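By letter and in written order, the chains are A, B, C, D and E; residue numbering begins at 1 in each of them.
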Amino acid sequence: MADPILSIRGLKKSFGALTATDDVSLDLFPGEIHALIGPNGAGKSTLIKQIVGEIRPNEGTIRFEGQVIDRLDAAARARLGLARSFQVSSVIPDFTVLQNVMLAVAGADGHVFRFHRPALSDRTLTEPARFHIAHAGLSGREGTRASVLSHGERRKLEIAMALALRPRAFLLDEPMAGMGLEGAKQLTAILSDLRSEAPILLVEHDMDAVFALADRISVLVYGRIIATGSVAEIRANPEVRRSYLGEEA
Amino acid sequence: DGVKVGLITTLSGGGAGIGADVRDGFMLALKNAGDAGKQVEVVLEDDQQKPDVAVQIADKMIQSDNVDVLTGIIWSNLAMAVVPAATGQGKFYLSSNAAPSALAGSGCNPLYFSVSYQNDNLHEAAGAYASEKGVKKMFIMAPNYPAGQDSLAGFKRFYTGEVVAEVYTQVGQTDFAAEIAQIRASGAEEVFFFQPGGMGIAFLKQYAESGVDIPLIGPGFSLSEDILPAVGDAAIGIKNTSHWSTDLDNPANKAFVEGFRADFGRFPSLYAAQAYDTANLLLSAMAKASPSDPEAFRAALAAAEFDSVRGKFGFGPNQHPIQDIYVLEVEKRDGELTNKIIGTAMTDRGDAYAEQCQM
Amino acid sequence: MSAFLELDGVTASYGTVQALFGVSLRLDEGRVLALMGRNGMGKTTTIRCISRLLPHKGGTIRFRSSNLAGLNAPRVARLGIGLVPEGRRCFAPLTVAENLTVAARPGPWDIPRVVRLFPRLGERMGQVSRTLSGGEQQMLAIGRALMTNPKLLVLDEATEGLAPVVRQEIWEGVRRLKAEGLSILVVDKSLKELASVADSAVVLERGQTVWTGGLEDLTPEMADRWLGV
Amino acid sequence: MLLAEQVLNGLQYGMMLFLMAAGLTLVFGVMGLINLAHGSLYMIGAFACATVAAWTGSFWLGLAASLAAAAAAGALVEMAVIRRLYPRDHLDQVLATFALILVFSEGTRWIFGDFPLYLKLPPALSGAVTLPGGLQYPLFRLVIIAVGAAVALGLWLLITRTRLGIRIRAGEADREMIGALGVDIARLYTIVFALGAALAGLAGALVGSIQSVQVGMGEPVLILAFVVIVIGGIGSIKGALVGALLVGMTDTLGKAVIPGLFARFMEASDANTSGSAVASMLIYILMAAVLLVRPQGLFGARA
Amino acid sequence: MNRDLIVNLVIFALLVAVALGAHVAGQGFTVTLATKAAILGLAGVGLNLALGYGGLVSFGHAAFFGIGGYVTGIFASHAANGDPILTLPFTLMGSNEMLGIWPMAMLAAALAALLIGALSLRTSGVYFIMVTLAFAQMIYYFAISWPRYGGEDGLSFYVRNSFPGLNTFDPIQYFAICAGLLALALLFTAVVTQSRFGLALQATRQNEQRSTAVGIRATPVRLTAFVLSAMITALAGALYADLNRFVSPSMFSWHMSGEIMVFVILGGVGRLCGPVAGAAVFILLEHLLGPVSDHWQALLGLMLLAIVLFAPGGLIGLTLKALRRTEHG
């Protein structure tokens, strides 16, 4: 197998008495969708926050494309190509959809300290932005302010921004939530194509999507990975069925 | 023909009481002068106690209202802004209160007269009085800004005993527990304090509550009639130094104090007295010359031939007063608090900066 | 019999942008009604009108035979509407226990009962809700609405972000609540689960009611046209 | 002995600051409203107390009047102005309450005239008492310590232990949502705002009786109150109390000690002026230092 | 042309028209008032860059206003008496050339802003408001008690500094200088806020977490905006010093910071010409109400109150709304 793009070893994070991430090790290989599932409060979002540098782990090491990134801050990690989406939509409310995605393009190319040229007539920003908006299924909404989007539309904008970062790896925290049936179907298709561009670490409670997309699944319970395996293996795992899947296995 | 006067003083905010005294004193003099007073047209503006506002008003009065003479500023820092602007544009400035040292010494100007007292005077007099009285150990205290620094310097200029502690408080400070504790522990025989306005009210009330019984002495405007009612009986008996008092025995002063009480229902403060004198000085000069002839007008002002409420009054070479400075004591008269004269601290006092003035 | 909750030709706008163009629906006491439609079609807006977070422009809204037009949000809530809003909206700086008690009104639902429904909340009672996991916040939002002991429970995507087992428990709970006589208005994307609890459904398309009926009558073509399945 | 007295003074000054900040802790700390007119409410309390005390000869009636007048002014302000601004940017509150300062200051001068008013402590509270250890200490300063402590305890109970407190905090976090759950937050806000105003008025009456009662007296109070609350951490009563004591101690001991320290390595009169210049900057240095180390204040929740 | 641009141009044109009209009518003082509005508006334009676009509610901009003023005052007074300002590490002489003083004023403010900003930006929200206030207050108390340049009494320098080819003492010519700089600052702000940097700055204001997640570090962006903002405000301070031929610590006071902020909010936060409209209206009200009553400040307060209550988005917001309404019929 190729070298992992993202490699986590022995990650540990406690909040007071609660150990939210307990000695987690995990790899993300090129071309794969690696789903991370587990009960509510298992520590999935906390793990993602540590990978992107929003919170600091107590112990452990994260490598990204062979480089140890433990000391980099969140913005630097994003510029290396770690893109994330938020569990609760996080967009720039007073920007239009287009400006939101332009911001992501600008952030990705790293040239923020340009004071002169009007951003809206900068085609190196607008063209990629329009492309990603269309890709995420938001065509026609470019000029709408993000604050007036419906919940589901905002989720799509979130995806468009992640795409615009042209990342080396995606970390998606419940992208399907709030999407609606149609949206979920579209997004499943988008993600499926995306894995050839960059591998995806997918946190999701929508099992239809997980089973349709995942190449491998890891199951996190109380901060520990209790199983990793193919879709079939995980579906068959009695422990996972009991603690997480219930009837949906 | 008449003279147009720009009266810039503080008519809003915490300092408005003093401004009201300045305005009322000035207007009373014009009223008492009858027809002569009608020759004076007054343009009145509120400086909000802000130097930038004051200087802009001065510009306006000079450029748009075409005033001949400016007056009325209470605070030194505003005077420092306005006086150079006024004299620089060829207008007379008659100070009815503030007279900072910078304008008495090298910064003196032919068009600028102080009709009040040089800022240091009352403090100097307090020092002289304390020395004369044989006070050997003094605790002295003032806010930490130029007027405060000048005040302690002025006190020390004539004080021959030992200063056991020299304390600078914060401008605008309202709680004096820490200073009162230092006073109690200092072993001083008396305390000299300079705390203008609200700071003074707060200090005096807290001092009275503290149980410390070391006598206080202050400059007159820390115990002037505009704040005495707010301090209350706690002020009775406190000594202070001033070039004027409500009970100064001369006809001009009697007329003034009675007229003021009749018109406004309160005792005048020294600010009112100075404004009253300023107006009378102006009227005396108008009788001899017109501001359109600056040389003559200046000479007429310098002669100071008017009936001052202070009795004798004259200008020194830097156009600052030469006058007697008295020791006063706060008392209750007709149920109201005011000051009475108990002695003279200095006679014919000029100021320490006159030599530096080259005109 | 007059309906428990009835909307008739309701229109509403956000500023100058109209979002509802005529929503009608009817929910009888003790029943469950599913409100469906694609993203941005006006489901949440309809719910905001019912709970008076957005005053409607035209049409009428009646709840337990009161016309809601002149009432403010707190009044309507006290008439017995318990809202689980889209996006949870827990009070971030308050603890779990405080979130639960803040708007509690007397009735069968109390903290022990909520904890029996969501044991996870019991473990996190003293934690400020800002730091709860997404699913825990969702549980809290539901618990908070139940603590008001409503007569009508309004669930706007209340199972979003919940683990499958918990989601199943919620549906189980909904069935139990229905059995206890509570009326429920529910927005959710899981057709299967809705079919098992909802007595009827309303489909919105561009801010308008386009279909009303039993879920079993929703043909695959209709579902494809209006819901994109 | 002097040091002990200065420490007591620091404590006392801290309590006085807490008292002055107490109303603002409620309005700004808990409700999240930027109320620049806090100092005006303080001034209204002092003026009401002075006036009624002068009419009736009773300080205690004056005190009651100060509470009533400030609470009424607070309720009026909330209903007429603040209420319309909740959905808006915080900055609109800045402008509106700045305008209120002008209205209240000039309005007060209009009604009460240009001169400071007379307000004195009642005989029961005035004079000095001898503390164990032989220290003579003004009685009212002890009273302020006691009242400050009582207010602190009361506020803390109100905020953390009553449903009213929880609701107010919930309203601050999401006003629309608390309404949708059936809580009439508008009325609660009026009540709490009036309560905050009443506390400001109480402070004005008590503190005003040993300071000067004049127009503009509220301005330094405003800044100090904000400093105290921010050092302690917004929203925390405990924080405000600790912040107030810290500021009180720093200010008092700074004034007492720093000029002496400076005198060791510079000329006496320079040391006095520059020492006291530094002493007057001290609380701001303290605030900056605290916030640089703990950006959310001593007891504030992380933003 | 879009509506915002028209409104901005109209506001600026009005200011110039008032000054010219007053000049023709021989109303020197009205020209001075317009100059004051232009200068305080410029200070507000500076603050607006940080506050309106960057969400950095600085309650300490008086620090920069005052630094600009004091640099002017110090240069001018040293030019008058011929002493050098500094001899170490290099000799710096006084000057009364505006063109030489302005860069110095802006440089001094930039350095101060770099330091204050770097420290203050560790905090956010109300904490940021208070830390910036704290730094300004430190400078204020220092200025009051530092005798070298007059302490609380301030520093007079008698004659306005000079500008090549103009008589700066002539009100209308001085107005031209101030209005010209204001126009430049407005242009600068317009360009910067439309640029990539402006996009990033506004994004960090609205959602820092999101900006970070797309790789934009908030602190350097904010610090840059803060420094630029301070430089513009310092330039205004320099002009204000020359307007009055006088500087004093009141330029550093929190009232000054508050007033600049009030101009910005009154005009409309984050609106290009908002601060200019705010300052102009404030000064106009002050001037018109003064003669009406002794208690004009109460009237001023009521007028401001009416504006906040009935004009969300400030004066510019109100104007735009009115225009939109007339357009829609």
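One rule holds for everything that comes next: contacts are C-beta pairs under 8 Å (C-beta built on N, C-alpha and C of every residue); 3 or more make two chains touch, one makes a residue touch a chain.
Fair warning: this is a prediction, and the values are worked out from it, not measured in the lab.
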item	value
Common touching chains of chain D and chain B	E
Chain whose Cα centroid lies at the greatest distance from that of chain C	B
Chain whose Cα centroid lies at the greatest distance from that of chain A	B
Chain centre separation (chain A, chain D; CA means) in Å	48
Averaged-CA centre spacing for the pair chain C and chain B, given as whole angstrom	75
Approximate Å spacing (C-alpha centroids) for the pair chain B, chain E	36
Rounded Å distance between chain C and chain D, as computed from the means of their C-alpha atoms	44
Contacts with 2+ other chains: residues of chain E	141, 144-145, 147, 295-297
Contacts with 2+ other chains: residues of chain B	12, 144, 149, 168, 170-171
Numbers and ranges of chain C residues touching at least 2 other chains	none
Every chain pair meeting the contact rule	A-C, A-E, B-D, B-E, C-D, D-E
Touching residues on chain D, where the partner in the complex is chain B	1-2, 5-6, 9-10, 12-13, 16, 105-106, 109, 113-121, 126-128, 136, 138-141, 209-217, 220, 251-252, 255-256, 259, 268-269, 272-273, 275-277, 279-280
Residues on chain B engaged by chain D in the complex (per definition of touch)	12-14, 16-17, 19-20, 144, 149, 166-172, 174-175, 177-179, 181-182, 184-185, 197-202, 205-206, 209-212, 226-227, 229-232, 234, 266
Chain D residues touching chain E - in the complex, by the definition given at the top	34, 36, 81, 84-85, 88-89, 91-92, 94-96, 98-107, 109-110, 223, 226-227, 230, 234, 273-274, 276-277, 280-281, 284-285, 287-288, 291-292, 295-297, 300, 303
Of chain E, residues touching chain D in the complex	51, 57, 119, 122-127, 130-131, 133-135, 137-138, 141-142, 144-147, 254, 258, 261-262, 265-266, 269, 295-298, 300-305, 307-309, 312
Residue ranges of chain C in contact with chain A within the complex	14, 17, 38-41, 44, 86-88, 120, 124, 131-136, 138-139, 157, 160-168, 189, 191, 227-229
